[in-house]
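Chain nomenclature is as follows: A, B, C, D, E and F, assigned in order of appearance, with residue numbering initiated at 1 for each chain independently.
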Amino acid sequence: MKGVTSFVATFSLLALASTFTSASDPSSLQDFCVALNSNKNAVFVNGKFCKDPKLVTADDFFFSGLNKAGNTSNAVGSGVTPVNVDQIQGLNTLGISLVRIDYAPYGGLNPPHTHPRATEVLVVTKGELYVGFVTSNPENRLFTKTNAIAFAGLSSQNPGVITIANAVFGSNSPINPDVLAKAFKLDKKVVEYLQTQF
Amino acid sequence: MKGVTSFVATFSLLALASTFTSASDPSSLQDFCVALNSNKNAVFVNGKFCKDPKLVTADDFFFSGLNKAGNTSNAVGSGVTPVNVDQIQGLNTLGISLVRIDYAPYGGLNPPHTHPRATEVLVVTKGELYVGFVTSNPENRLFTKTNAIAFAGLSSQNPGVITIANAVFGSNSPINPDVLAKAFKLDKKVVEYLQTQF
Amino acid sequence: MKGVTSFVATFSLLALASTFTSASDPSSLQDFCVALNSNKNAVFVNGKFCKDPKLVTADDFFFSGLNKAGNTSNAVGSGVTPVNVDQIQGLNTLGISLVRIDYAPYGGLNPPHTHPRATEVLVVTKGELYVGFVTSNPENRLFTKTNAIAFAGLSSQNPGVITIANAVFGSNSPINPDVLAKAFKLDKKVVEYLQTQF
Amino acid sequence: MKGVTSFVATFSLLALASTFTSASDPSSLQDFCVALNSNKNAVFVNGKFCKDPKLVTADDFFFSGLNKAGNTSNAVGSGVTPVNVDQIQGLNTLGISLVRIDYAPYGGLNPPHTHPRATEVLVVTKGELYVGFVTSNPENRLFTKTNAIAFAGLSSQNPGVITIANAVFGSNSPINPDVLAKAFKLDKKVVEYLQTQF
Amino acid sequence: MKGVTSFVATFSLLALASTFTSASDPSSLQDFCVALNSNKNAVFVNGKFCKDPKLVTADDFFFSGLNKAGNTSNAVGSGVTPVNVDQIQGLNTLGISLVRIDYAPYGGLNPPHTHPRATEVLVVTKGELYVGFVTSNPENRLFTKTNAIAFAGLSSQNPGVITIANAVFGSNSPINPDVLAKAFKLDKKVVEYLQTQF
Amino acid sequence: MKGVTSFVATFSLLALASTFTSASDPSSLQDFCVALNSNKNAVFVNGKFCKDPKLVTADDFFFSGLNKAGNTSNAVGSGVTPVNVDQIQGLNTLGISLVRIDYAPYGGLNPPHTHPRATEVLVVTKGELYVGFVTSNPENRLFTKTNAIAFAGLSSQNPGVITIANAVFGSNSPINPDVLAKAFKLDKKVVEYLQTQF
């Protein structure tokens, strides 16, 4: 995905189809269930516990700071600012969230990834981007458009992200390099080198 | 909801809670099901029929034109540009969509409404807005923030909109004015006058 | 909605369509999860905590008192007796509830409202009623029948109700009257008067 | 379930818990999708095709005739009048339906059954009934109340019914009687006799 | 359902259709929510509380022992080894589970039952079985194949089982025998005898 | 994932958590909706059209051939035999499917992949396997066990598969190699070589 290459705003949209996911969050059972972080006693539920409704205020539905660009001084040249249930507690049980994505000019990219719990729709506010998605086996067709991007809506309060290269080569205890060498048709030494890089 | 009052970008977010809805679209059963308009023979399904997957192209997931401001020369001073399954056929079965909302400066407003099939999250790109939502009976609490707005993500391919004043006073065959007079504590003549206005 | 006008029982049904909502409660994960009110420590979940299954009895699935008419001596001339998860704790996670609605003769009405989390089906046991619903934008068609009503089934354990006039003109902190004046094409003084009435 | 034993109306409710089911219909993707019977060309979808929305009228949401008692002159002494998507086409995609149940005095009963796609809530309008449900293995607890019943709301447009005795002993091609003899601890001849009765 | 009759492996599959159920578990809202048994304080939720994610290990997703045959020395001649959320805590919120079923040779059977929260698919690894399902009212058609079976996948973390004969004749407090006599067209004494057997 | 290393059957289970997915298929609205391939006129729906229920037979719920080993003479040394809605048409709308996986001895592997529409549970019938899954960002923890595998249940009628290496390096029109070089920290020439291999 090529980065921002000009100031010409080409506003446009591209729906990243369900190849890259298709879950829907469970429905809400009351007006709202503002997330309460329950780390103290280490008991959890699917999603989040709710704050006492009487103590809920407008600030529980509000996030300020999307005007700040994300830091793009990194290996891939992009910065993602998520606004999900961890930033806006009021999103809990509502099945939606947002991100802002900034790209370094000339080559910034958001590497191939999947969202295990959401579909995504992108809206361009400045620049041009190379954007696409690949369908599932056996066809693995690439659908692509050259476009710019700024904000993305996601159909889950907690979409999750799996950056493929990181999950494959940078997992917390490394995947057996023989497996990866065979799966990716790479020399085992290349795999072992990559495992030191991620 | 006060309109755009300055060029100062106050980027921020406000989740319109489920008081104003909470449906989740049925899940997708294949990579995509690009909507096919089947008006010819007037047979319909819940949602849309799908285009032959072999004929699908990247353009089915793309919409251009969100850089154009919506027309705000109307009674409420706002213009909404929807980007849902009718604009991007590829959104069918994916459970998400977007809108751009433009406000006339000094007083443009998007009147009280509900989305019967979606929750909404707003992202501000320019200006300041007065935004809020009201909870359900019996409390009807108003949660509100003064903010600006530009794009809104919605958790359905076809969120629907019910502008309350229009639905109540401007329905296609008019609601019995005696009912509305009593429900809204208005003089019947005021109701009848309003019914000529919407 | 005209009230009970005779004792002639005209048994009939009218489905209030999804314009007025369309959510489905999350599915149950065990035989039952009888709601436990957890107000003491002010910790909540989406829906309700469950009672210890060993302590559950038949009374948790039972409600007595629907033979009593609701009080209709009020401004709109109707009384609603809800039977949802707050009255029958055993309805928790089961996705269904009921109400009884009584109308004062000659003019009692249940004012325009939406259920943010349920669809509704009405069954008439005595009298005649004027019943209908309005579709979403841009058509806002009114579908209506003259019928009587007594009980309504709702497709959620906690359907919620938003009485439109109350939510718009009677919210807990008032909506800016300039906004309402413009949205409802009413004089600002009328709006301010209405805001004192609800 | 003992039938109507007196004219004393004991209005009450009993939720038939999810032991007897727990599905939720897929959500609606438009205001309504009035069912269209497509028997002509024998092509079907999950649920029903929809009628052209422009041809929909209020009658598509209406059913008349619930004032007529069901016929109780049969082996079990009860008559069920269903009002689901086959009676009110407008219920399609709305996830709710109703039935009226009449019981012959002194012994009419609605035999043990399950609804494979719905939970049920009963409302009593006349008489007294013995009503209950049994939990799943290994406990098979019986929850029961002596109550009267008239209408039942069901959380599906097409709840389905499996009358256990009929499904077990009266299936369209008979289940192997050796299997039933062993499963029900009955003499094989009793099984074969029962298979001639249902 | 006739038991294992030979060592000839006839690998095959039969989907037990939704007559015997059709629920779908609520979606997951994070990578996993490993079930935590919260019996101590007797507070429950729909499904299960989650273990602290930091304490989760691979063992939470693992179960050993499916190589052991289930005990078939019982009245019906079959043994079911379930592997659901109670055996693999990591299955919580994932909407799937398994069972191993062993049959005594010549006549072992898994008696007629329903799963109130799951559909089932069977895979044969050894022997031959008589397998089938019955559709709902009014047709009650029997679909059947002679096949062998070893493992069954179920579309819920906690499918539940209702063995019909046990639920009907062996409920924890017995169902009124007059009701069962009439429903099953059995002599009341036969019903009372059966109630002592289950 | 190391292949079969001995004949010692170590029966065991490992749930591939929702990192690798979490969708749930829409619920069924009738007893069954046996899939009908509608390729003739190239009109499709989400999932499949249904066969006329009157023409449905037991064969629509049956698949024979799982006793045949899959072909493992390929680059990764494994063969997957899917049994989903394309093999058993009766699985349509039932939300479940199966696969058989064969591994070549000493090194056969099923390469890293995701299922965009299903969770997976594995049951071991012969041999030993190295099995695991990686959590989402930012932790990317690897959960792993050494085990054997034979059948896998999947919580969708059409789970889909995305073999990561194929989707990334073998997409139908190739992804820009500059993007992949940066994302995977590989020399561009290595990327271009890999693109010729998949």
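Definition applied: a residue touches a chain if its C-beta (ideal position, glycine included) is under 8 Å from a C-beta of that chain, and two chains touch if they have at least 3 such contacts.
Chain by chain, the UniProt names read as follows: A, B, C, D, E, F = Germin-like protein subfamily 1 member 7.
Quick caveat, the model's predicted, so the values are computed rather than measured.
Common neighbours of chain C and chain F, by the contact definition above: A, B, D, E. Common neighbours of chain C and chain E under the contact rule above are A, D. Of all chains, the one whose Cα centroid sits at the greatest distance from that of chain B is E. Look at where the CA atoms of chain B average out and do the same for chain E: the two points lie 45 Å apart. Between chain D and chain F the centroid-to-centroid distance comes to 38 Å (mean Cα coordinates, whole Å). With centres defined as mean CA coordinates, chain D is found 25 Å away from chain C.
Across the assembly, chain E contributes 18-19, 22-28, 30-31, 45, 47, 93, 116-117, 132, 136, 144, 160 as residues in contact with two or more other chains.
Chains touching one another, given as pairs, are A-B, A-C, A-E, A-F, B-C, B-D, B-F, C-D, C-E, D-E, D-F, E-F.
Those residues of chain B lying in contact with chain D across their complex are 23-26, 42-48, 116-117, 156-158, 160.
For chain E in complex with chain F, the residues that touch the partner chain are 9-19, 22-28, 30-32, 56-58, 61-68, 83, 88, 90-91, 93-98, 100, 119-121, 123-125, 132, 135-136, 143-145, 147, 151, 153-155.
On the chain F side of its complex with chain A, the touching residues are 1-2, 18-24, 75-77, 107, 109, 111-112, 114, 116-117, 130, 132, 134, 136-137, 139-142, 144, 160-176, 178-180, 182-186, 190, 194, 197-198. Contact residues on chain B toward chain F in their complex (touch as defined above): 26-31, 33, 36, 38, 45, 47, 49-53, 55, 92-93.
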